[in-house]
C-alpha cells in the first residue's frame, strides 16, 4: 500500500579494479533501491584513498542533480545509501554514508538495520571523550570500528571485534582507502548480497535488483555473520561469526519491503508474494466474482489468490502515478478525499460484483477503510478484505517503523469480525503466522516475526520507548 | 509503453455558483489528466470577471508550487490545460490557457486537438493586421472567436460562427467573464464530457477520471458539434453543428491515451483494452505458458488475452517508478541499457517459458527490441509479440504526434515476419483494423483510423510537412 | 536613496555583421542597465531571421541562468530589456521584449517610456478584432507598426507612420528579421544613444554605461523624433519627426535614474549631480561641520556641496550591500528598524557635529525620518536636510511611478519648515526649480519638470487615474 | 578591493533571559557580518537545552530561506557563523556552528581564527580513538573541550584547560545547554566584543556593527585571553589567561576586513582607514589633481589622503552592484574585460588629470593593472598608485588566506619602481610598516604584521605547506 510501514535503508557498494565513473553506477543502483528509503540519499567515492561524498535530503533524483553528481568525480570504489529518515530530518549528520577520518585514515560507512544496544555503546564512547555529530546508531558502529582499529591489524579485523560489541540488525558496508568490507549480523535480519559488475569488479547490495540495474551479475547472499573483504587481492570471507545464531530474516522483506524482481536467500520476492496469495486462498475460501489487489504491493498476492482459487483476477484501481511529495493537499475545509485522488476505482471491474480485496498489510486501517468505501460506491456488492501479512501487534527493534501499539488496528480490536466492521468490510482475514513462514523455503532459513508474534529472536531493550526519534507515518 | 506516441492535450473547466478555491479543484483535475500532456500546465481563474492565470513548463506538480497556486486566488470559474508541448518549449506563449483581452472583455481558451486549416486562418487574420504571440493553432481559434464577437450578440454565437471557419479536431473550453462554453468538433475526434461538481456546479473535462478525482458526477459526453453554454442560467446547448458529420473518435483514445478508469462514449477504457486483448487472442492463437504486458499500458490487453485464451497472466516486469525527467542518463561511453534501468524482468515469471508479450503499439520498435532481448536473457524460450493496436503507417493530423513515416517500423518492412525478425521475436502480430473497430460499441460511434489505414474522415493538408514544429519522441 | 521612485525600463540592442554569441553581450549590457528596472528581464536574439527569446521575472542574474542564456543560441542581432514591472507581475506577457509574428514576419520590440494615448490606441485596434495578451502600452505600439506595415514598404516606413499615431514618451528598439530600428519620441523624454561594438557592429542603448560595459564606443545621442535604421547597409536616419517639438528630457534622469558614469546629451550624469550639490550649496548656505550623502544616490550631490561650500565631505553611512530581495524582514512584533539593518551610521563621522544630509529626493519621507533619527542617536547636534531634486507634487505620465499626491510629503505640508519638523530635521530645503534646469547645459536641451511644476510639455490624460496598474513602492 | 585576501570567519551569539525568535536576530547579525565570510552560514538555536541548527553553503540570504529559518524555532540562546570556506566546499562538516553531543550534553561551537597546532591536537585525539567528520581545526577545539569536560566541573573550566592546549588565533563562542561562553586567544589576533540586546540579554560578536544591526548596545571588547561566561546568573569572566601575552591584533582588521562602522579596541574602523590615507599623504607627497579610491575598500583612505593633502577627493568609479556570484563570465574567446564590467571609470572625474589611486592592498596585482589601464583609457595623464597597507611578503597563520609567496607581486620584484612599471603606474608606494602601526592607538595594543614583516608574535609551524586546503582567490 502507498502508506505502509517503512524499511529504513538500502545499501550498495562497488569495487572496481580501475578508476572510472563509479558514481553513476551508484546513482543507478540507488534508484533501484529507492523503495527502501525515500528521505535522503548519499554516495561516497574513493579515488586513490581520497573519499569524496555528497549526501542530502530527498529522493535520489531530487538530491543528485547533474552538478552534484559530477562533483563526486571518478574513482575505483564507491558506497551509497538511501534512507527513510526517521528523526525529523533536521540533522544532516544522520544522512549516510557516514564519512570520517581517524588515526588510520578515512572510513565511509553505510548501514541498514537497527542496533539494540546503541545507547550503551554511545555511553561507553562518550565516557572516553567521544563526540557524536548525529543521533544514529551508525555513528556508534563507526566508533567501535575506529576504536578497535587502533590495535587491530586491519579494518576487517577491527570489524570482527566490533561484531562482538554490537547487537541487533545490521547489513553494512565499510569503505577504507583500499578495501570495501561488507558485514551482516549473525541473525541476518536484513538482506545483503554479493555480485560482479560487468567490468569484472565486485558489488555488495541490499537487493539483487540493484545489481541487475547496473547490468551486473548476482553471485550469492552474504551469510548471516559473514564479513566479506574486497580488495585488489579479490574477495575473502571471515566466518568467525557465521553460524552462531539461527538465521531469522525479517519476513516483511518478502511481504512488502523488497522489490518484486529481487531474489533474497534464493527466493524471488514476487514469487513469495504470489505464494502469500495462494496460502491466503487456501486459508480463506471465499465465494466471490473477482479478486483485486491494492496497488502496488497487493497486486502480486491478488494474482496468487486468483491462481489458487480460480477466481478471476481483476485490475480494480488506477493509481495516479504523478502524485508525489510535491502534491499540495486540499485544505481541511475543502473536505476532499485524498485517497480518491491517488487511487480511483475502475467501476467496470467491480460493479455488481462480490470482490476480494488484498493488501500487503494493515497498520492503522484508515486508508483501507477509505478504499473499501470507494469500492462500495463503485457498486461492489460484497468486499472481503485480506491481508497478505499477519496482524501487526508488536514493535519492531530491527530497522522498521511499525507504529506504536495504541495506533495498530489489530491491537484495538479483539476479533477479525470487529476489525472488518470497523473497516466496512464484509469479512477480514490475515495471513496466518504459520502461513507467513511458508513464503520462502531454504535450508536453515527462519523468520523474525516479532512484530506479529511478540517473540523476538534476540533480547530487545526493556522499558525503553522504542521509536523515540521517529516520526510516524500511518495508513 | 513508456515511450509511446503522445496525445497533445487535456482540458478541464469548472463553473460554480459561488466563489471558492476552484484553483485547487483544477489542480487536482489536471493531476488526473496529466497522462494527456506532461510538458506544461496552466490554470486560469475567473473572479467576478477578472481572469488571473498561471502557466508554465513542467508537470502540474512541478510548476504549481504552493505559492504559485495561491496567487490564483478564489473565483467561481476556472479552466485548465495540460500540454504535450511539441514545439521545443522556448515559446511560453504556446502554453495554455491562452488568456487575452479583446473589445468585449477577457477570454481564456483551452484546446485539445489540431486544426487542419490553421495556416489559412492565421494568414487571413494577419492580412487584417493581426499579431500572433505563439505558434499554436489555438491562437487562430481565439482570433476567430474575437473577430466574430465584434458582431455576434454573445460569446456562444461567436463560437457558432467560428465553428464554420475552423476545421479539424478540437475539444475546447472558452471562459468569458460570465460564461464557460465547451465546444467539440463535428467529428468528435477528441473526447469531452460534462459533469456536476459536488457543490452543484458544472464541469467540462477531457475525461471522466478528472471528474471523479474532484468527487464530481459524470453526466454525459458532449456531442460531436455541440456547443455547451454554462452560465448562472444553467446549461444550454447549441446543436446547429451536431449531426453534420459522422462521429469518428480517435481509436487510440481507447488503446492508449485515455486513463483506464475513464468512460468515453459510454465505454470504459480499461474494458476496451481488455477487449483488445480478447480480440488479439481470437485473432492469434498461440501455444504459450504465460502472457505478460509491457507496463503500464500493455497490462490490460495482456489480462484480456489471458481471459480469452486461458493462458496464465503473469507480471513479467518491475517498472522503476522513481525514474522521471530528472534522471541523469548514462553517457555514451558507459554503454548502459537504459531500458533495463527502467524495466527489470521478473525472471521467475518467464524463465524456461514460452511468453506472449503484449504492448499497446509499436512505433519505431527500438524499445520493443530491447525488451524482447531482456526477456530472452531472463530465460524465456519463446517470445511472441502482440500489439493491441494496428500498425502505424500514416501521419495523424488530429492532435497526436505519430512519428514520420521513415521512422515507423511498419513502413520499413513489408511483413510481420520481417518485423518480428528485426525485433528478435519468434512471431509478431498487430490487432487487425477490423478488430480495432470492435473495442467500443455505441450507436453512431465510428473511429478515425487514419494513422493505420491512411483513410482520413475529413480532408487533410496536402504536401505539407505535417509536424514541422514537433520534437519527436520515439520508442 | 534605496527606496526612491522608479524608472520603468532600460533598452539595448546590438547589430553585428557576423553571427556570434550576441546573447552574452546583451546579458552584460542588461547588467549595466539593471538600475533602470529590476523586476524582469528579457533578451531576443535574431539568427538568420528566426527570433529566439527568453524573458522572465527577476534580476538579470536571477532569471538568466547559464542554461537559459545558452538556449538563446547565436545570432547577429539582439535586443534586450529590463523592466520595473508595475502591474503585480502575474502577467508574463507584459515582460519585454515583446516578440510577435505578423503578416510580414517576426518583430521584437523593447520600449522605455509611457504612452499618453495607449487606451485610445488599444480601443481602436480592438474594434478591428485585435487580441491583447498583456496590459502594457508596448503592445499597442506593436499593433500600430504591424498595421502600418501591411501597406508600408518597410518596417521603418511603418514606424514613421506609427509615430504620427502614438503620443507620450518612448525610446524604442524594434528588431525585424533583417533590421534593427531605434526610435525616440519627438520630446526626447527618455534617453537613447548610438554606439559601435568592438567588432564593428552597431549598438542602441538607453545609456552609454552599457556600451562601455561591452567595450563598445559611444557615438552620439539619438535625436528626439529620430528613427535610426541599422541594417547590412549601415546606419540611416529618418528625420521627418525631428525638430517638431521642444526637447524636454526628464530631469530626473540626471538626478537619480541614470548611472553616474553615463553621458546623456553630452553631459556626464555624475557631474550633473556634483552640479546639483554645488547649486544646493549656493542656494543654501548652512553653517555645518560635515556634509554627508544618503547612499548611494545622495553621495555625488554631497561631494558637490562640499566642493562649493568648503565644508568637509564625510562618509556617514555604511550600507549593507548584501541585503537584497531575499532578505526576510522582521515580523511586526519584533519591532525592528529595517532602515538600520540596511544603513548604519558611522558614529565617528557625525558625533558632536552639525551635519548637512543630502538625498536625491523626498517622496513619502518615511525613510528620511528614520535616517535623521539614526543620525541624532549617533550624536549629530544638528541635521540639515537637503534634497537635490525639487519637491514632488504632481504625477508623471512619461514612464516613472511618482507616488499619488495623497502620499507625497510635499503635498501634505505647505512649507519646508513643516516638512523639516515632520522629518525631525533642523532645516529642510529642496533644489529650486530653476536650479534643476542648470544641471545640464546643451543647445536646445530643455527639461520636463512636470512632476515638480505640474507644467507638462504635452497634453496629458484628464480625469484618468494615472497609475492604475501600479504597485507603489514608497520611501 | 573586490578581489582581496579573505578573512575566514565571523561569529555571533546572543543570550536572552526569555525564549523568543532569536534566530531572526542571528539572521540579521550574520547579514551584518557577511563581509567576514561569504561561502557558508549557519545558526544554532538552544531551546531549553535542545540545540536545533541549520547550516549550508552560500550567503546568509541564499541559504536561509524563510522555510529554513523557520525550522530553527524559538529559543533563549543562539550562535551563528559566516565562513569563507577554504577547503573546496565539498565537506558540509566544516561549516559551522559545529554541533555535537558528548558525555555531558550538547555543545555548539563557532570559531574565527586559525590554530597553529591543529595537526598535533588531531593526532592526539585520534590516538585515543577519535573520529573527525571534517577537516577544520574547530573540531580539534571541540574535542579538547569535551575531553577536559569529562573531569572539569563546568564548561568554562574545561575551556580554561583547553586554552592551555590550543595555540594560535581564536575568537570563539561555545554554547552549552545553559551557558554561552566566549573566549579569545591571549594574543587577541581576531576581534571579539560584548554587547547588550535591546531586551536586556547579552551579545558576543566579532564586530560591533552586528550589535548595532539588531539595535543592541556595544559594551566592551573581550580581553585577549579572557573567558566570558554568560548564564542566567549574568556575566562572569575568567582572567587566568589574560595578560600572558602581548596583544597583537591583526592590523588588516582595520585596513580591510572589518566594516567601517565597527569599533575595535575603541577605534572606529572607518577612522583608522582615514588615518591610513592621511599617513600615506604624509609619506608620499604627490603633485596631482584628484585622489580616488578603488571601491569599496579604498574609498576611506582616499578621503583621508584628500583631507591631509588638500587634493580634491573624487569618485572615479561606478561599481556595478548587481554583479554577484551568479554572474556568467564571458568565455575565453569573447576576450572580455571582466574588471570593466564590474567597475567603470567616470571619465569626467579623471580625464586630463593627474590621478592618485588608492587601494587597500595589492596581492597579485592583476586587477590593479586592469584598473590603471582603464584610468589611462579614460584620459588620466598620470596615475600614482598607493596601497593603504604595507606590501604582502609572507604567509599568515592566523586565519586569513594571504596568497603563497610565488604569487605575491611584492615578492616578484625588488623595488616599488619595478612594481609600478609592471602595473603600468607612474609611481607606486605602500604604507610604511611604521605607518601601519599608527592606524589605531590604545594602551597595550600592538599589531601582528607577520604578513608584511615576517615577524610573527608566536611560533608558527615550520616547513609546513601552510594553506594546503585553501582555494586561492587572487587579484
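The first chain written gets the first letter, and so on, giving A, B, C and D; residue counts start at 1 in each chain.
Here is the rule we go by: a residue touches a chain if its C-beta (ideal position, glycine included) is under 8 Å from a C-beta of that chain, and two chains touch if they have at least 3 such contacts.
All of these numbers come straight from a predicted model, not from anything done at the bench.
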Shortest path length from subunit A to subunit C (each step joins two touching chains) = 2
Query = In whole angstrom, what separates the CA-based centres of subunit A and subunit D?
reply = 48
Query = So what's the Cα centroid distance for subunit C and subunit D, whole Å?
reply = 37
Ask   = What whole-number Å value describes the gap between the mean CA coordinates of subunit B and subunit D?
value = 60
Key: Residue list for subunit A, restricted to those that touch at least two other chains   = none
Query = What is the complete set of touching chain pairs?
reply = A-B, A-D, B-C, C-D
Remark   = Listed in rising order, subunit A residues that touch subunit B in their complex are 21, 24, 27-28, 31-32, 34-35, 59-62, 64-66, 69, 209, 212-215, 259-261, 268, 270-271, 296, 299-300, 303, 307, 312-315, 317-318, 320-324, 326-328, 330-331, 334, 336-337, 340-341, 344-349
Task = Enumerate the contact residues on subunit A facing subunit D in the complex.
result = 52-54, 71, 90, 92-93, 99-103, 125-133, 135, 139, 142-143, 146-147, 150
